[in-house]
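Labels for the chains are A, B, C and D, by order of writing; each one numbers its residues from 1.
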Amino acid sequence: MGISKNTLKLAIEKIAEKIDPIGDEMNRLDGQLGDGDLGVTLVNGFRNLQGIKDDLPDDLGRALFAMAKSVTAVSGSSFGTLLATALMAAGKQVKDQSNVAWSELPGMLQAAQDAMVARGGASLGDKTMLDMMDSLISALSGLQTPAEMLPAAKTAAEQTLDSFRDQPNKIGRARVYAEKSIGLDDPGMMAIARMIDCFETP
Amino acid sequence: MGISKNTLKLAIEKIAEKIDPIGDEMNRLDGQLGDGDLGVTLVNGFRNLQGIKDDLPDDLGRALFAMAKSVTAVSGSSFGTLLATALMAAGKQVKDQSNVAWSELPGMLQAAQDAMVARGGASLGDKTMLDMMDSLISALSGLQTPAEMLPAAKTAAEQTLDSFRDQPNKIGRARVYAEKSIGLDDPGMMAIARMIDCFETP
Amino acid sequence: MKKLINTPENYVDEVLAGMQAAHPETYRIGGATGRMLHRPAPVPEKVGVVSGGGFGHIPVFAGYVGDGLLDACAVGDVFASPDMNPMLESIQFADQGRGVLCVVGNYGGDRMNFDMACEMAEMDDIEARKVIVADDVAAAGPDEAEKRRGVAGFVFVTKIAGAAAAQGKTLDDVVAVTQRAADNVRSVGVALSSCTVPQAGKPTFEIADDEMEIGMGIHGEPGVRRGKLRPVDEITDEMIDMLLADKPVEAGGRIAVLINGLGATPIEELYLVFRQAKARLESAGAVIAMHLVGNYATSMEMAGASISVLHLDEELETLLTAPANCPFWKV
Amino acid sequence: MKKLINTPENYVDEVLAGMQAAHPETYRIGGATGRMLHRPAPVPEKVGVVSGGGFGHIPVFAGYVGDGLLDACAVGDVFASPDMNPMLESIQFADQGRGVLCVVGNYGGDRMNFDMACEMAEMDDIEARKVIVADDVAAAGPDEAEKRRGVAGFVFVTKIAGAAAAQGKTLDDVVAVTQRAADNVRSVGVALSSCTVPQAGKPTFEIADDEMEIGMGIHGEPGVRRGKLRPVDEITDEMIDMLLADKPVEAGGRIAVLINGLGATPIEELYLVFRQAKARLESAGAVIAMHLVGNYATSMEMAGASISVLHLDEELETLLTAPANCPFWKV
């Protein structure tokens, strides 16, 4: 069994279950460097996703587009826009397919990453969620099953946070606080790490 | 010889000759009770009249209307509006005539007075130019020639000023200064008296 | 004084020049002193319709020169009546042998000068008549309705007069129906900020940052109540209450409504006033046959809005919706 | 905050409700969140034309829904881009199988969200293309023209797009001529006072009682020069100089001119700007083929004015003067 609309539904449910405490944490973190709204974006975004999760179309591409649409309806923040961009780009990769092998996940993430670079204008190394995506793509490449992927993703996420923590933010709202950002995790990176954590069986 | 367009022309010239000092005096007087613009109105009004005095139509009615028109072009003040009103009313009385007997002058003034009452809403006794007009009408009634009329008008004007001086103004801008106006001549009355003076041979 | 002007002295004449430059197909400056705005040519075989009044209310008065509206208009200084002469010139321009109606706001100077202009016109054998617009319910009670100021209701009354004349009616008939419009129009305004007469250089009145004045006149004349600014729905309710108390609508009664901006009020806010006014008037049983939302009678940079209601009969409705065209209003 | 509103939260939706109530023959509220304004029905067999952007600029953007103009428009919060969804809804509404052009002001959020909406539309096999309006010469030099903000030039560009579509042109042709309009329009503004975003509750920027800012953006973005207020002719000269320096007119070159009020500026003052702008442009050799004077792109209660010049060719002139009709502009 590969990735289908059910996989997406399950992912939404898993994250949505824990999104409230994650949101609080991300608001605090974003507040130290930016405008403190990342958690609001996450909570509202996943509330919207919950609303559509049972009506996703079979076509994986359309399903990902529908998710993008419901995420953009919360609007306004960089993270929301970039997440929607990522979902759309991934969706285009798998248009007209209702099931794709897990081994295609890194390729989908790569398409997402490329689109986010194009839309947001940041580069790798700027200490953003892009760097997190990049580590994940490397870590998941060549793996075949979700069972292999989850621990690899977790490890990669932790290592990425560690390696960027003492660097300055180079783009976005946090850039003006570049000095202050040294020693702090980037909120977007951390948000992705927390979402990965949601897939651990309790 | 009765009243013709030449009479009007002569009258304009006589008054215009002395209007500058009269204007200064009237601005001062009006300034004590009102807004100090009566002299401006007089000076501008007679400047306009000077401009048309050589082109007056033969029809006395139309001539008086033309004078009214040129007076209203200075606009804005009560005296100007009432003077124009008076000229028009007098004009209506003599429409289509190029020469009227001097004995008709009181009747023309009466028509003028009625129109001013209708337009301005003041009553006799309010200490305005109306009271001056009223005295003049009485004084001139029954007289036949300008030679008889001038001294009668002078005497009437002086008596009227004297008898109203110690009364309060009851209408117009000066009314708010009613108390203060006791002991002061009404500017409109005085303006008429000064204009009569202009007809004295030097 | 924060205005985009050159000098106070030239303000009126330069604005007129700009209006003519922008709309030469409609406006021409005329008259001995350049204080008449008129159509390029009078319209033959119809009763003339003219107006005149102080400046600073564009489109009122001269802005309504146009097809099915005014033939000519006298222009005064800011908030000051024109003198009689441009009024007479307007009457003379508009007259085509069938007489002229003067639509006049109820201000002393305007009335008196138009009286004189009409008398003067008579001397030229032109029959000129007046209809006075006195629509501001805040200015005086119904027992003294003749003391009310003329405000935005002028727009409706002028439209009726222009349309009646365009239909070829006689002067008597134009006067009669225009008078009926004037009798049946009611207005009330609310001011949020003052305007500044260029020659004066400072605001006409003071009003605190959190205050409004309901019923204020278009030159800053006192209204019925000054109070704290409240939500637009409540302010609208208060104005509608005043209008309906003065002249109730019958169930099914057809009306025209004008939501008018005073000059500095964003159009967005006028739509909020309209939204609530419509709800209130309709729930009172009125049928809104026609409505306008925009800056139709202003006081330069005064902020605020007014509501005008014209109670219609069949003829008034026909005339109100007849074609008309000036740069500020196309029907 | 001195506004005729109810609550900041409901401001946008209530104004839209008022617009629909006032003009149901033109505007209908649509979309899942009520943030699309569209015509009562799409026009078959033509390329769709849509726009979208922050609120508080009426008639820009949604006010230009109408015949020969926009088919639909996405509406954001005050000075904030709509999200992608009403943009997509607008594209879907307007599409009649021949594709859709999105006329977009050059703001990050608007562009990004329209990008996404166009990609989304592609998923539905709708071809949606963008033309960016970046006309504010004060925002960046000619070498960085792509960084310029979109301001009142939007009005001309939208007119061209709407007219081209109404003529039955293909999407490629509509895009091409609209892009040419966008490439040939220049604007610059002057602000005299600030506006207030309802949610913010206080003025967006401070400006002294005797100061103006030349080149200020329609949300209060910094301009090129802040200085003492000067006579309107001098201010107009400075703005015309900036426009002509950026793109000179050829002798006999035909142009369209828009003298635009920012919301709180009396129409009288706009005519003063027009008067001088016309004199200057004509003495530079230009022929003004068409002009507009009024509030066409506002910033709520901001006082000030902008001048836009569109350099015409034959096709642009034909399209600009083709019929169009919305409550704010009839051609």
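As a working rule, a contact is a pair of C-beta atoms (placed from the backbone, for glycine too) under 8 Å apart; a residue touches a chain by one contact, two chains touch by 3 or more.
Predicted model only: the values in this text are computed from it and were never measured.
Shared contacts of subunit A and subunit B, meaning chains that touch the two of them, come down to nothing at all.
Distances between chain centres, each the mean of the C-alpha atoms, put B farthest from subunit D. Between the Cα centres of subunit B and subunit C there is a gap of 36 Å. Here the spacing of subunit C and subunit D, counted between their Cα centres, is 30 Å. Averaging Cα coordinates per chain places subunit A and subunit C 61 Å apart.
In summary, the structure contains touching chain pairs A-D, B-C, C-D. Within the complex formed with subunit B, the residues of subunit C that make contact are 32-33, 80-85, 88, 109, 112-113, 115-116, 119-120, 123. Those residues of subunit C that touch subunit D in the shared complex are 2-7, 11, 14-15, 17-19, 21-22, 55-56, 58-59, 190, 192-193, 209-210, 229, 231-233, 235, 263-275, 278, 291, 293, 295, 298, 300-301, 303-305, 330. On subunit B, the positions that touch subunit C within their shared complex are 61-62, 65, 68-69, 72-76, 81, 84-85, 88, 91-92, 95, 119.
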